[in-house]
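Both of the next two complexes hold chain A, though its partner changes from chain B to chain C.
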Partner chain A sequence: METSRTTRIVLYAYGILAILFLYLPLVSIGFASVSKARYLTFPIRDYSTRWYGKALESSTVGDLLVTSLTIAGIVTVISMVVGFFGALAFARYHWRYRSLFQKFILLPIFFPQTVLGLALLMWFNALGVIPSWKTAIVAHLVWISPIATLVIAIRAYSFDPALEEAARDMGASTKTILQEVTLPLLMPGVISAGLFAFLLSWGNFPLSLFTTGADSTLPEWLYAKMVSGYSPLVPTLGILSVIASVIILLAALLVPRLVTYLRFLKEQELEFSE
Partner chain B sequence: MERLDNKLGMLNALPIFFVLMLSFLAPLIVVAAFSVMPQKVFSLFNAPDFSAYMTIVEQGYWRSLVWSLGMAFASTAVLFILCWPLAFAMAKVFGRFTLILTIAVVVSLFVSENIRLFGWILTLMKGGLIEGHLRALFGTEMDGVLYNVPVIVFGLVYVYFPFMLFPLAQGISMVPDDARQAATDLGASRWRILWEIDLPLAAPGIVVGSLLSFVLAAGALAESKLLGGQVVIVMADEVETAFTYGQDWPLGSALSMVLIAIIGTLAIFGVSKVDLDRIMGRKR
Partner chain C sequence: MDMKPVLRLKNIVKRFGEFVALHGIDLDIEDGEFLTIVGPSGSGKTTLIRLLVGMDNPTEGEIWLRDKRIDTVPANARPTCMVFQSLALFPHRSVGENIEFPLKIRGVSKTKRKQRALELLELLRLPEHYYSKRINQCSGGERQRVALARALAFDPEILFFDEPLSALDYRLRKTLEKELKDLHERTGKTFVYITHSLEEAMVMSDRIAIMRSGRLEQVTDAEGIYARPVSRFVAEFMGEVNLFDIEGTAQGSVRSKGVEVHVNGANGDNGVDLAPGETATLMVRPEFVRFLKSTETNDFVVKGLLRAEYALGSRMQYLVEAADGSHLTVEKLREDRYTGAIGDEVVLGWDIDHTHFIRGD
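This part shows the complex of A and B:
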């Protein structure tokens, strides 16, 4: 249906406004992180990067980064593996309980993470497990592994089952089919799921809050500082955490292109030498 | 083939099923069990009584529940009105811009929600980005707009914006253009098309988006703590206090159970409304 020119302009403007609305708080934090003053007031008069220096020197920050990275790394690997198989059960095979299974996967996403975090805390207590960064991995998985499954499932839906059947007709075993046909075809989905899992775990706060015990992740530490009063390190570390996410995101987007480009160069070289 | 599909489907479902049993169902069962324990015990080996639930009724915890549900409802309503035009444009008007908008929104989700809320504190506080610059420009003194109920609702709207936007856009994209075209040709007004075609046909997306933002907002904690400065105590806050300062796990569990019962009912209802094969694009 035709929409008038004015309507279109208004809608585009609204869309741009929405993006600005989403990122405005990060702009404020960005400015705050380079303010020299110990107590922040806008407009900022003196700019300095000294809080960045302080943050990078601090050993607490180092510990936080290690904890956050370890959790995110392990969550990513587990999510990719269970998400891969889960997505096949979700989208590829027509089995008896598939529809029920799909709904079960979706259910944790509908639960507030704070409530899930507290429930997990009690569960660990009932099991006699002392909460630490290891229990936080289990906590992150409750939200992140279903999302990984959904991301891979999108890819699995566009998968042509005839490819698997052809391999089977040629006498390939289930394991060979999985290795040689299914996995390579779903790989782009698995990689996006890994990216999602890593970034969501890296930035997660509500699930970590109750489940890390004496350990602390970066978002958790920032929250503790925010609640107890202003510290100039909070905006600085907040921005550093965002920068880390952006770098990972860009790397994930650019590395495959770079690889293709290098391969292309190599092929050209071969052609010349012939 | 069918038997093979059954076997393979079951086998492939096992790993994530196991993970979710361990991290989702088992914890919820433990909370349910703890909620019927006598007050202030830390183990499950006690004779059950329902005193924790009695305490909830007697001590006026229902006030927090009303605040949580009320603010969740308000933010859902605001979100619906804010997101509808944008979701409509994403589904029917924008071309490439839909992709840009989608990426921008998804990337914002990768930033920790407390960092983003903290950014709003710096933006809205007295001497913050907005008030500070206004004062420097016009020399007018104003109070910050933090620490009240509307700003908490604002925070909820901000954080759960994507959870309304995407399901709505998905729902609207399922409204066939032919139906809208036919209604226009027959002389229906814009409002009538909205009322009799868009809204009913996009209903699955509306239901999912609204339920998702409502349940997530009802269990939210950081918005009221950071932006609201605890001007009102929400349900998740009461639960946290009962577990930490109160050291009363059965009470905390009973409070959680109230929240879980409401959220769980809505969530199961919402999930049952989603036709995943259709939304995620099965071609067969």
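This part shows the complex of A and C:
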């Protein structure tokens, strides 16, 4: 079917709006980060990369990165594991309370995060747990692991249950089936769930604000500095944070391809060696 | 010699809550036979095969594999294997890895696995380089062969098939039906096949079991199913058929209750032994019905009007309306086609030898 004139105009308009509202602001942050001046002014007169140098030297920045990375890393790993088994319960197995489970597990995603953060903070207080980066992990998981479950469940819905039955029919034990059939088939879903988990945790502000206690993550620090004590370190760190996200995204997209390619090379080698 | 069946089903009942899917199935499957279980959807054939493979347990009854009772043995501990309707080939593995899967589970060494996989590729007439092909690079027919090779690699006592050809187009299906029959002969294994297509069953099987609402209606060879069905259900299941309600007369002959059938030769001497007033169904297949010339007569005769003619490829089919408005179907080879025109008044007749009486419903 040929694209009609109207459709084309709408598509162009959509593209232009996306660039205007999504990417131009990022570019302006980029400009701000290379400004020499202490305050945010446009147009920028003097350019300098000294704030990047400062950011890399600063021990505060180092601490922030370590905290954010630790939280995001742990949240990613746990979300992938919880999401994998959750998705099996969500999509693969038929059991009595399945539809109830499906609704309950999705609820936290739709909860306003500020309310969720506050509720969790009160809950930690009630339990006598002192909020720190560790409690933030729990808070992130409440919100992120359902999303991971959903992402893997979509993958789980698309695979033929007969594959597991066939493996069993050919003598495979439950463990072997999980290892040889289910896990490899759900792997793409597990990887995208991990990616989502990392990026959502890395960029999360409202849940961290309520639950990190004395510790601080990168988004929290950016907000605090924006409110009081702005310096070009703010946009600099913002840009660094975006770059980190992009690197993670590219890695997640390229690593599976690289693995396939390496396997292909190995197979070729095996064939030649015979 | 006393032939022991390889698989024996004794009064198999399967209930899902209130619903009874199988009402007491008794069946002996002989060593090395090709048995096809045929039934419309919902007749319980899939339920039955799942019990036979071990993916589900019967509510009542026993399944014996030679001298071992296996009805509660799980699928992965049974020496049987199934080719699934979806084939269930592992999409993340190569053709070779798929075929080797059951051997890998058993811990067979890599070189032996590969050797066996290559043998099976040859048996299934797939080129050797398919060993490293991806499943999604194979066509429908090739996948079918890979699935068969994988099942044969398992080396099962009995090979089960759950309608594996149903997703393929007509021509490929016809080819693979014959290949499957050929493979059965070459391997000498016991094949148990389920399908909703009796035509498919006819081509391949030694014996056919017809299922209807959770019961086995008739178990016999293709000839028996076609020519001597035990019920109207079986008769109608296998293509076009002419059925008439009849009852026995005091003279030892039969009389039709609906259509005006002129009975000339049927009496107790040639196998028609209905008691006076006893009812049955008379069956004649369309290819045995002839257009009679004015000078001819036959054991059974019906008058009617020729209403339509259809070309079925090698054969012609005719629709004849009898005096009471009911329809008869006649089929002739092209070379024997009826030479008159639509609307002709015709006289149809057939031999007692080609007539079958059904006493059930």
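Note that the second predicted complex is superposed on the first by the 247 of 274 C-alpha atoms of A that agree within 3 Å, B and C clash if a C-alpha of one lies under 4 Å from a C-alpha of the other, contacts with A are read in each partner's own complex, and residues count from 1 in each chain.
The working rule: a residue touches a chain if its C-beta (ideal position, glycine included) is under 8 Å from a C-beta of that chain, and two chains touch if they have at least 3 such contacts.
Just so it is clear, the model here is predicted, and its values are computed rather than measured.
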{"item": "Superposition on chain A - do chain B and chain C clash or fit", "value": "fit"}
{"item": "Which superposed partner A:34 touches (first chain B, second chain C, both, neither)", "value": "neither"}
{"item": "Partner chain(s) touched by A:222 [first = chain B, second = chain C, both, neither]", "value": "first"}
{"item": "Touched partner set for A:162, first chain B, second chain C, both or neither", "value": "second"}
{"item": "Chain B or chain C, by number of chain A residues touched", "value": "B"}
{"item": "Touched partner set for A:78, first chain B, second chain C, both or neither", "value": "first"}
{"item": "Angle, in degrees and to the nearest 10, that opens at chain A between the C-alpha centres of chain B and chain C", "value": "90"}
{"item": "First (chain B), second (chain C), both or neither touched by A:184", "value": "second"}
{"item": "Which of chain B and chain C A:69 touches, first, second, both or neither", "value": "neither"}
{"item": "CA minimum distance (chain B, chain C), superposed complexes, angstrom", "value": "5"}
{"item": "Chain A-facing residues of chain C, complex", "value": "53-55, 74-78, 80-82, 84-86, 88, 90-92, 101-102, 105-106, 132, 150, 154"}
{"item": "Residues of chain A touching chain B in the complex", "value": "1, 3, 7-8, 11-12, 14-15, 18-19, 21-29, 31-32, 40-43, 78, 81-83, 85-86, 88-98, 101-116, 118-123, 125-126, 138-139, 141-142, 145-146, 149-150, 153-154, 157-158, 174, 199-200, 202-206, 210, 218-219, 222-223, 226-227, 234-235, 238, 241-242, 245, 249"}
{"item": "Sites on chain B touched by chain A in the complex", "value": "2, 5-17, 19-20, 22-24, 26-28, 30-31, 34, 42, 44, 85-86, 89-90, 92-94, 97, 101, 104-105, 107-123, 127-129, 131-133, 136, 158, 161, 177, 180-181, 184, 211-212, 215-216, 218-222, 225-226, 236, 239-240, 243, 249, 252-253, 256, 259-260, 263-264, 266-268, 270-272, 274, 276-277, 280-283"}
{"item": "Chain C partner contacts - residues on chain A that touch it in the complex", "value": "160, 162-163, 165-173, 176, 180-181, 184-185, 267, 271"}
